[in-house]
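You will see chain A twice below: alongside chain B first, and alongside chain C after that.
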Partner chain A sequence: MFQYDFVINAFIAAGIVAVVSGVTGYFLVMRGQTFAGHALSHIGFAGATGAGLIGLSPLAGLVGFTLIAGIAMGMMGERLANRDVAIGVVLSLALGFGILFLYYYTSFATQATALLFGNVLAVDLAMIKALSALGAATLVLLALIMRPLIFATLQPELAEAKGVPLRFISTVFLALVALAVAACAQIVGVLMVFALMVGPAAAAQRLVNGLWSGLVLAAALAVAEAWLGITIAYHTDWPVSFCIALLSALVYFAAAFRPTARHAH
Partner chain B sequence: MTQHPIISLDHATVAIGGRAVLRDVSFAIAPGEFIGVLGPNGAGKTTLMRALLGLVPASVGTLRVFGAPPARGNAAIGYLPQLRTVLPDLRVRGLDYIASSLHGERWGLPSLSAADRDAIEHTLDAVGAADLARRPLSEMSGGERQRLLLAQALMGNPKLLLLDEPLISLDARHQEVVIGVVRRIARERGITVLFSAHELNQLLGAIDKVLYLGNSHAALGTVDEVVTAPVLSTLYDTEIEVVRAAGHIFVMSRGRDVERDAHMHDHGHGHEHHGHHH
Partner chain C sequence: MRARSFLHFAALAALLALPLAAAQAQTSGGPLKVVAAENFYGGIAARIGGAHVAVFNVIANPDQDPHSFEATPGQVRQVADAQVVIFNGGHYDEWMEKLLKASPRKDRVTVEAAKLVKAKHGGNPHLWYAPATMPAVAKAMAAAFSKADAANAADYAANLDKVLADLERITQRVGQLRDKHKGKPVTATEPVFGLMAEALGLTMRNEKFQLALMNESEPSARDIAAFETDLKTRKVKALLYNSQVSEKLAQRLVDIARDNKIAVVGVTETQPADTSFTDWMLGQLDALDKALSEPGA
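And now, the complex of A and B:
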């Protein structure tokens, strides 16, 4: 199958995105903000279709909208007493706008399917370059804030007392999640970013205790699921996103229901 | 007072959201004192500690810690925040949990030097919790978590310990263990301790003085000076009787034990799991 350029491109793109998604998702799961990541992807859908409507590239719209939404969410902080509800309302509103934009720009429909469900087999060299830049930006930002991010996540009261700017950290983190979501949506689509961002990271957290081993495992699982998913899709002709989502679910449930030796001590 | 106080409040008012939690409060705490911080719910025990950490400013008057206005990030203060049931199934090891707080305010990637690791293990050992280093947080009982947090508060050899309800959700035996460990380490290292609690009786043998908060006021002194009907009646803003019996002190309002009521009210739901010691 590697005689085809589109397969090689798919493997490269999926590999980049999977590493970024696995690592970013690890912190998203740790902070209990997976729903925020889900919402960002839906907001990105409105951005992408809106960008198409005014003649911009969908990726630019996707990145722009998720980034603005991520920063806004971070700055709102804990002021929204019930964040899940507020995020849920914004999420459906964003999808609604996405559909409205599609209504006015019907020729965009095929691209809309790709946005919603992903189209990794159509990735070209320009897209690989864009994904590399997005991925690099995400990982650099994460590396800069990782230490205070972990402190603020595990012990917010103490972190605040020690001088960690909680809201700033939270805002930068959601901004980098927005970049990762935009990249991830190119592979599995906005509706299925959970498959690469949350599934492998959540499984890794259940399998190992250490930070670095957890991060490496999350990234490795994401890459394995993405590549295996493409391989299965190539041989079965099933949609790639389905195969990745299926593998992600299988790995997560296998990890979640793994028998543990927790009462051994 | 011959020594300079570690903490001094001079006609200080501390307000949160426009409500004066402490109003025109003055007291001074000398080095090495073990202070039990008591008072009804909402009396400002947590707010006082947050003010000392520089998280809540005094709106009127002065508040000084080590002779200077409070500032965030003071390495001489060890802080144990009130336990909240967050991140229940987080599989973070005790060692990594404490490590996250070491220089956690610096930018960049986390790292743990061999010296840091030794310091953490040494401190865990000092509170009798060496085995918690390798155990994930999600598998610790309430008592084990409190000891882990206590060890963390002791990292970096602080001169002042602010312990916010460290006995919460612990059974009587674990409460005694925590009080004993704090008392011993504080004496050995000459640390000043503010130890907030719901009930006075467990602390009676350990504390030098009691800081009773209530009704925006504060009273600092020995138990005999402060835990009296006139002082507490002012702080609770209701008529209080103090009954001493069999080495215990009961603070009663109209025949009810106010501390016990507050305690029951606070813990009527959401019991922590104990006793994973098979």
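And now, the complex of A and C:
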């Protein structure tokens, strides 16, 4: 199957997306913010149509809108009890705006909606370059905020007492997730990004305890699921996002239901 | 213990990979490989190419919505192998433009309908419903086939003449109906038939409603009320609806039209199986003619 350029491109793109998703997803799962990741992956649509209305490129609208939503979510709810509510409100408001923009959109909206249906089998070289730049930027930014982020996640009270700006860290983190989700989704599709963001990270947290080993395992599982998913799709002719979502779920369930490790010998 | 759960997983994965469609790519020799994004373009391509070409239609199932669609690996492989690719363009089948970029190929010739007829950006993308589109696309197809396979150029030219003569029947029928029905008000649930209605000189009402429905937004309450008033006061002579899409709102309007004895004409976005492009178009034109000629209309 590697005689085809599109298969090679798909493997490269999926590999980059998997590493970025696996690593950001690990923090997302650790912080209990998977709903935020899900919401962010669906918010871009409103931005894409809205940008079309005022004559901007749909991509700019998609990324901009998702970024704003991520920042809004980060600023609105740091307290655990309010967080899901804040996300739910932002998500429904964004989807509402999407419908309103479409209502005022007096031409055919196919260009805006086409953005939502990224396909990993349709990735060209320019997209791989963009993905690499984006992936590198995400990982570097994440590395920069990693220490306070982990501190704020695991021991929020202590972190606050020590002067770590919780809200600021949370906002920067969600903005980062928003950027990664928006850009990856428009290239490989929403479902694939989300499947690679949550499943492997959650499975990794079940399987190992250490932070670094968890991060590495999450990224490795994501890459393995993405590549195996494409291979299965190639041979069965099923849609790629289905195969990857299925693998992601299977690995998670296998990890969740494995017999508990015994500490005593 | 961990090893066992991995085994379970591996067994499952192996099971899933069982139905191997062991289709390997074949290159060179054999017929010219042609891929059409939609079956109505593919049908014309098959007639122009005859036995010299093998046409693969990506969207052949009439129930598949061409706007939102995820290509499977098998379909992408067909595109990667094709020497000639025909698609609508104008953002209607943007996935095809992406697939072409993902599988670059120097010797590939593409035929894009939107470019040939210089379609307006953001305009109605159902170009094949404009009578001038298909003859232009057919000519471009014949040129593309001759370029990719010069040895059979004479056959392609001869087949093109036959196809153009056949398509001329549509143009003539449109001219006839235009003289007969010009200016009559009609309405539609979706803009699929829009360009043909324009060619027929019909007055199309409730276009805003149609856009909202096609864009999968919600038509406003005012749009729906205006539509219903048109039907109840019999301001329109016929209601065209997309019979491939079952949408509750559209279905309700069809029912209202029937209650008020307004003729309902079903049109389809893609070509139904077992019919040619010309027969498909003429059949829809006949149905519309019948509806508009009814004594009550």
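Basically, the second predicted complex is superposed on the first by the 202 of 265 C-alpha atoms of A that agree within 3 Å, B and C clash if a C-alpha of one lies under 4 Å from a C-alpha of the other, contacts with A are read in each partner's own complex, and residues count from 1 in each chain.
Keep in mind that, in the parts below, a contact is a pair of C-beta atoms (placed from the backbone, for glycine too) under 8 Å apart; a residue touches a chain by one contact, two chains touch by 3 or more.
For clarity, every value in this text was computed on a predicted model and none was experimentally measured.
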{"item": "Touched partner set for A:Leu196, first chain B, second chain C, both or neither", "value": "neither"}
{"item": "Which of chain B and chain C A:Ala14 touches, first, second, both or neither", "value": "neither"}
{"item": "Which of chain B and chain C A:Leu176 touches, first, second, both or neither", "value": "neither"}
{"item": "Chain A: partner with more touched residues, chain B or chain C", "value": "C"}
{"item": "First, second, both or neither for A:Gly32, with chain B first and chain C second", "value": "first"}
{"item": "Touched partner set for A:Ser241, first chain B, second chain C, both or neither", "value": "second"}
{"item": "A:Ala254 touches, of chain B and chain C: first, second, both or neither?", "value": "second"}
{"item": "First, second, both or neither for A:Val23, with chain B first and chain C second", "value": "neither"}
{"item": "Chain B versus chain C as contact partner of A:Gly163, first or second or both or neither", "value": "first"}
{"item": "Complex interface listing, chain C residues touching chain A", "value": "1-2, 5-6, 8-9, 12-13, 16-17, 19-22, 25, 67-74, 76-77, 80, 91-92, 94-95, 98-99, 101-104, 122-125, 191, 208, 211-212, 214-218, 220"}
{"item": "Residue numbers on chain A that touch chain C, as the complex places them", "value": "3-7, 9, 99, 102-103, 105-111, 113-114, 116-117, 119, 121-124, 126, 189, 207, 228, 230-241, 243, 246-247, 250-251, 254-255, 257-259, 261"}
{"item": "Footprint of chain A on chain B - complex, ascending", "value": "50, 53-55, 72-73, 77, 79, 81-82, 87, 90-93, 96-97, 100-101, 103-111, 131, 135-136, 139, 152, 276, 278"}
{"item": "Residues of chain A touching chain B in the complex", "value": "30, 32, 143-148, 150-152, 154-155, 157-164, 205-206, 208-211, 262-263, 265"}
